[in-house]
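Chains: A, B, C, D, E and F, in written order; residue numbering restarts at 1 for each.
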Amino acid sequence: MEEKIAVYPGSFDPITYGHVDIIKRALKIFDKVIVAVAYNYNKKSLFTPQERVEMIKEALKGYTNVIVGSFGGLLMEYMKEANAKVVLRGLRATSDFEYEYHMASMNRSLSKDIDTLFMVTGKDYFFISSRTIKEVVSLGGSVEELVPENVSRKLREKFVQQKRGAK
Amino acid sequence: MEEKIAVYPGSFDPITYGHVDIIKRALKIFDKVIVAVAYNYNKKSLFTPQERVEMIKEALKGYTNVIVGSFGGLLMEYMKEANAKVVLRGLRATSDFEYEYHMASMNRSLSKDIDTLFMVTGKDYFFISSRTIKEVVSLGGSVEELVPENVSRKLREKFVQQKRGAK
Amino acid sequence: MEEKIAVYPGSFDPITYGHVDIIKRALKIFDKVIVAVAYNYNKKSLFTPQERVEMIKEALKGYTNVIVGSFGGLLMEYMKEANAKVVLRGLRATSDFEYEYHMASMNRSLSKDIDTLFMVTGKDYFFISSRTIKEVVSLGGSVEELVPENVSRKLREKFVQQKRGAK
Amino acid sequence: MEEKIAVYPGSFDPITYGHVDIIKRALKIFDKVIVAVAYNYNKKSLFTPQERVEMIKEALKGYTNVIVGSFGGLLMEYMKEANAKVVLRGLRATSDFEYEYHMASMNRSLSKDIDTLFMVTGKDYFFISSRTIKEVVSLGGSVEELVPENVSRKLREKFVQQKRGAK
Amino acid sequence: MEEKIAVYPGSFDPITYGHVDIIKRALKIFDKVIVAVAYNYNKKSLFTPQERVEMIKEALKGYTNVIVGSFGGLLMEYMKEANAKVVLRGLRATSDFEYEYHMASMNRSLSKDIDTLFMVTGKDYFFISSRTIKEVVSLGGSVEELVPENVSRKLREKFVQQKRGAK
Amino acid sequence: MEEKIAVYPGSFDPITYGHVDIIKRALKIFDKVIVAVAYNYNKKSLFTPQERVEMIKEALKGYTNVIVGSFGGLLMEYMKEANAKVVLRGLRATSDFEYEYHMASMNRSLSKDIDTLFMVTGKDYFFISSRTIKEVVSLGGSVEELVPENVSRKLREKFVQQKRGAK
C-alpha cells in the first residue's frame, strides 16, 4: 500500500485550535500530514512565514507524522514537489464552501490527478478564524481558549510591539 | 501502515455519473471504498435496495478495491461492523453543505473516532441528482449522458412498468 | 429583427402578485411572453391545470402579448414547439438560486441553443410563494394583498369545498 | 414598564435540548415566554399536540415565567389573543434563515405591530433537529444527550408501539 | 421587573434608514436602546466617530429611550459597563447571517450571560448598506430616500471636500 | 418591434472566458449587447480602463452587434445615455447572487423602467474570476485555457513589468 499524504495549506496567521483540531483528526486518517504555510509578499500578514512555521511546530510538538513547511507559489507546484495527491481543507461555513468549491475546481483543472478533501471544523471551533483572533487581541481581549498557549503569548508580544512602534 | 477504508453511503436511487466520479476519485486516495446503499422502508424509493446494489455493481464492473453493500440502520453501526473510520460524501451545493455539516456533526457526537470527508462533485456532474434524473425520465426525457448505460435501461423499464400498472 | 419570445414556466398553483410582477416586467423586455403551467399528475396540486390557466388568463386580462399555455412533459420539448429560446425564471432567495442554477445547467446540457434568464422578484413580493399563500388561507387568513382578486376568491371557494368534503 | 412577553412557536415534535437552550436564554431577556405548539391536522406528526404540550411542560418543570400552549390557526391570531408583540425563533443555519426571513416578512405584512426576534442556536445543539432525532431513534440509535429524559423515553415507547402496529 | 436594555452596535458610517427602521422597532420591544458606534482607528472610515454619533442623534431627535454612544474596544466590555445583556443586530442577507452567527457564538464564549438577538431588516431597506450608500454618492447619485435628511446633506459636503482636497 | 439592447457592465480586469461565454449567449437573445467597463479611480485595478476596453475588443473580434464602452459614474446614468433598459449580469455562486440581488433592487429603486436579467455562468467557467486569474498568474501559473489569448499575453507582460518595477 502506498503512503497516504495529505497537504493542509493555509495562511495560519496565526494557527488556531480550529486548525489544530483538523490536523489531529487528519492524522487518524492519513499516514502523513504536511502543514503548508502559504505566503504571498503582496498580502499583509501579522507574522512572517518563518514565525508562522515556528508557532505551528511548537503547537504540534509531540505529534509524529506531521511536517510543517511553507510555499510562496502555486499550491499545485508544491503538491508535485511533495509528491502528494490530497489537499485537505477545513470548512466552517457556507461562504467558506463556495470559495473552496471554486479553488478545488480550479486546482482540478490545473492538475487532474490531485484532489481536495474537506473536513468540517468541530463545533467548538467553528466560530474561530485567524482574522477574528487578531481583531479580539488588538482590542485588548483574551483568546487563551481559542489558540495554543505559545500563539497567545506571541500575539500579545506582537501587539505590544505594534503599540510601541506607533508611539 | 493501516489499510485506509472509506465508506461512501447514500440512497443511490439510482446511481449517477456524479456518484461514479466521486467513487473513481476516492479509489485514488483510499485503499478500499465501500459503496453502502442506505435503505429505509418508511421512505419511498423507485428501486429496491437489491436492485440498487446490482446496478452499482454493474456500473463499477472492472474496478478493483470497491465493495458494494447496504444497510438499514444507523450509519455509525455500519461503520463499526465494516471497521471503517472514514465516511465519504460528495458536495454539490450550498444546501448540500448545510445538511452534510449537520449530519457530520451529529455522527461525530455519536462516534468520536469516525470522521467525515467531503469531495466536491466534478463540474460535469454537479447539476445531476437522482431526483432530477427520475423526473426527466418520467417526463419522457433521455438521461443517457448522465447515468451509466445499465441504469438508463433500468429506468426506462421501470417507467414502462409503472405506466402499465397505472392502466 | 427576430421576435423575442420568453417562456415563463411554473406550477402557478395559484398565480400570485409575485408572478404577475415578473410577467409585467418581462413584457417590457420581450416581444411576447408565454406563461406555461407545468403539470405533473404524480404531484398533488390544489388547482387543476385548467383552473390554473383560467386564473392566470383572468389575472392578466388587458395585457397584450401574453399567451397562457400548459405542458405535462419536458420543458425543453415545450420550448421547441413554441419556437422559443429563452426560459424566464424569478429568483426570490439563495435556495431558489441553487435549484434554478441546477435546472438551468441541466436544460443547457439537454438543449444547447436554449438559455435561461432570471429576474429577481420585487421587494414587495419576495416573501410570497404559492405554498405559503395556500397555508395562510387554509388556516383562515386573508391573502387579498398578495394574489389577484379572482385568485383570492377561488382560494376561499376551494377551502370551503375541502371542508365540506371532509365532513 | 410594560411586561415583555415573547411567544416561541414551533412544531416541537418533539422538543429537543436545542429548543430548551433557546427557552432558557429567552427567560433571561423577557419577563414571560410562551412556548406555543403549532399543530396542523393536514400535516403528519409523530406526537399529538397534547402529547407535545405535556412533554414540554415536563421538560421545563421548575422554570417559572414559562407558559406552554398550542394553536391550530394563524400565528398572528394567536399573538393577538396572547397580547404578545414578540415572536421568538431559533436559527441554526443559512437555510433556516431564508425561511424565517420570509415568514417574518409575511407576518409583518399581516400585523405591523408584531415583530420577530431571532436567537442563534448554541453550538452544542446547532446540529439537532426534531427530524433528525426521530430518524436516529427510528433506526435504533440513542438520543439521550440530545433531548430531555422524558422525551427520550416517550420516543422509545412510540417506536415500540409503531413496530407492534406494523406487525 | 428589570429594565430591558438592548445595545445596537455598528459602524454607522453613516446611519441609514435601514438602521433607523431597526431602532424604531426595537424601541417597541425594549425599555431602552443604546446605539453604540464602534470605531477602530486601524480601519478607514468616511466619518469620525464624533460625526457619526452626531448624525445618529440628529436622525433620532424626538425619540425617547434612545441613547447614542461609542466604543473603541471589545463589545463585551462595553456591554458590561452599560449593564446591558442584549446585543441587537439587523440581518439583511445570508452572508450577514454567517458573519453574525460567528460573532454571536464568539461573544457568547467570551461572556456567557450576554446574548445576541437579531431582527430582519424591513423589505424597503434590505438592499441599503452604508457601503453602497457611500458608493452611490461618490459617483454623483442621490440617496435622499435611503438615509435621513441630515445624513444626505453631510454626505454631499464630505464628497465636495474630498474633491477639493484632491485638486 | 423595438431593438432589444442589453448592457453587460463589469470591471473586466481582465475579461475571462466566463465573460465571453455570457456575451456569446446574450448575442443570441438580444439584438445588441453593450459591454461596459466600469472604472472607479478610487479602486485599484491591474489594467487601465483603456487597456480593458482594448482587450475586450480584441477578444470579441469577429462578433457583430457588440459594442464595447466604459463609464465612471452611476450605471443607471449610463443606461439612460445608451437608451438601454436591460442590465445583464452573470451569476456564478450564492454569494454573487446576494450582492447582485441587492444591486438590482437598488437600481430598480433608482430607475423604475430599467431591469436586470441574470444568466448563470457555464459549468466550464463557473470557477473562473478575474481575481483568481490575476492571483494564479502572479504566482507563476498559466491561465491559457481560462482567458482569451491576447489577455493571457497582456497578463504576462504586466507581471513582468511589475517585477522589474519592484527591483
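Here, a contact is a pair of C-beta atoms (placed from the backbone, for glycine too) under 8 Å apart; a residue touches a chain by one contact, two chains touch by 3 or more.
Note that this is a predicted model, so its numbers are computed, not measured.
Asks: Among the remaining chains, which ones contact both chain C and chain E?
Replies: D, F
Asks: Moving only to chains each one touches, count the minimum steps from chain B until you reach chain E.
Replies: Shortest path length, in steps: 2.
Asks: Count the residue numbers both chain C and chain F use at their shared interface, divide by all numbers used there, and answer same if that is over half, different if under half.
Replies: Over half shared, hence same.
Asks: Turning chain B onto chain C with a C-alpha fit: angle in degrees, nearest 5?
Replies: The rotation relating chain B to chain C comes to 120 degrees.
Asks: With centres defined as the mean C-alpha position, give me the chain D-chain E separation in Å.
Replies: So the centroids are 32 Å from each other.
Asks: Between chain D and chain F, what distance separates the C-alpha centroids? Give it in angstrom.
Replies: 48
Asks: Multi-chain contacts only, two chains or more: what residues does chain F have there?
Replies: Residues 94-95, 98, 101, 105, 123, 126-127 of chain F each touch two or more of the other chains.
Asks: Let me know each pair of chains that touch one another.
Replies: A-B, A-D, A-E, A-F, B-C, B-D, B-F, C-D, C-E, C-F, D-E, E-F
Asks: Help me check something: in the complex, which residues belonging to chain F touch chain E?
Replies: 40, 42, 72-74, 76-77, 94-95, 98, 101-103, 105-106, 109-110
Asks: Which residues of chain D touch chain A in their complex?
Replies: Spelled out, the residues of chain D in touch with chain A are 94, 123-124, 126-127.
Asks: Give every residue of chain F touching chain C within the complex, in rising order.
Replies: On the chain F side, the touching residues are 1, 3-4, 25, 28-31, 85-86, 91, 94, 97-98, 100-101, 104-105, 108, 113, 115-120, 122-123.
Asks: Going by the contact rule set out above, which residues of chain E touch chain F in the complex?
Replies: 92-95, 126-129, 132, 136, 138-141, 145-146
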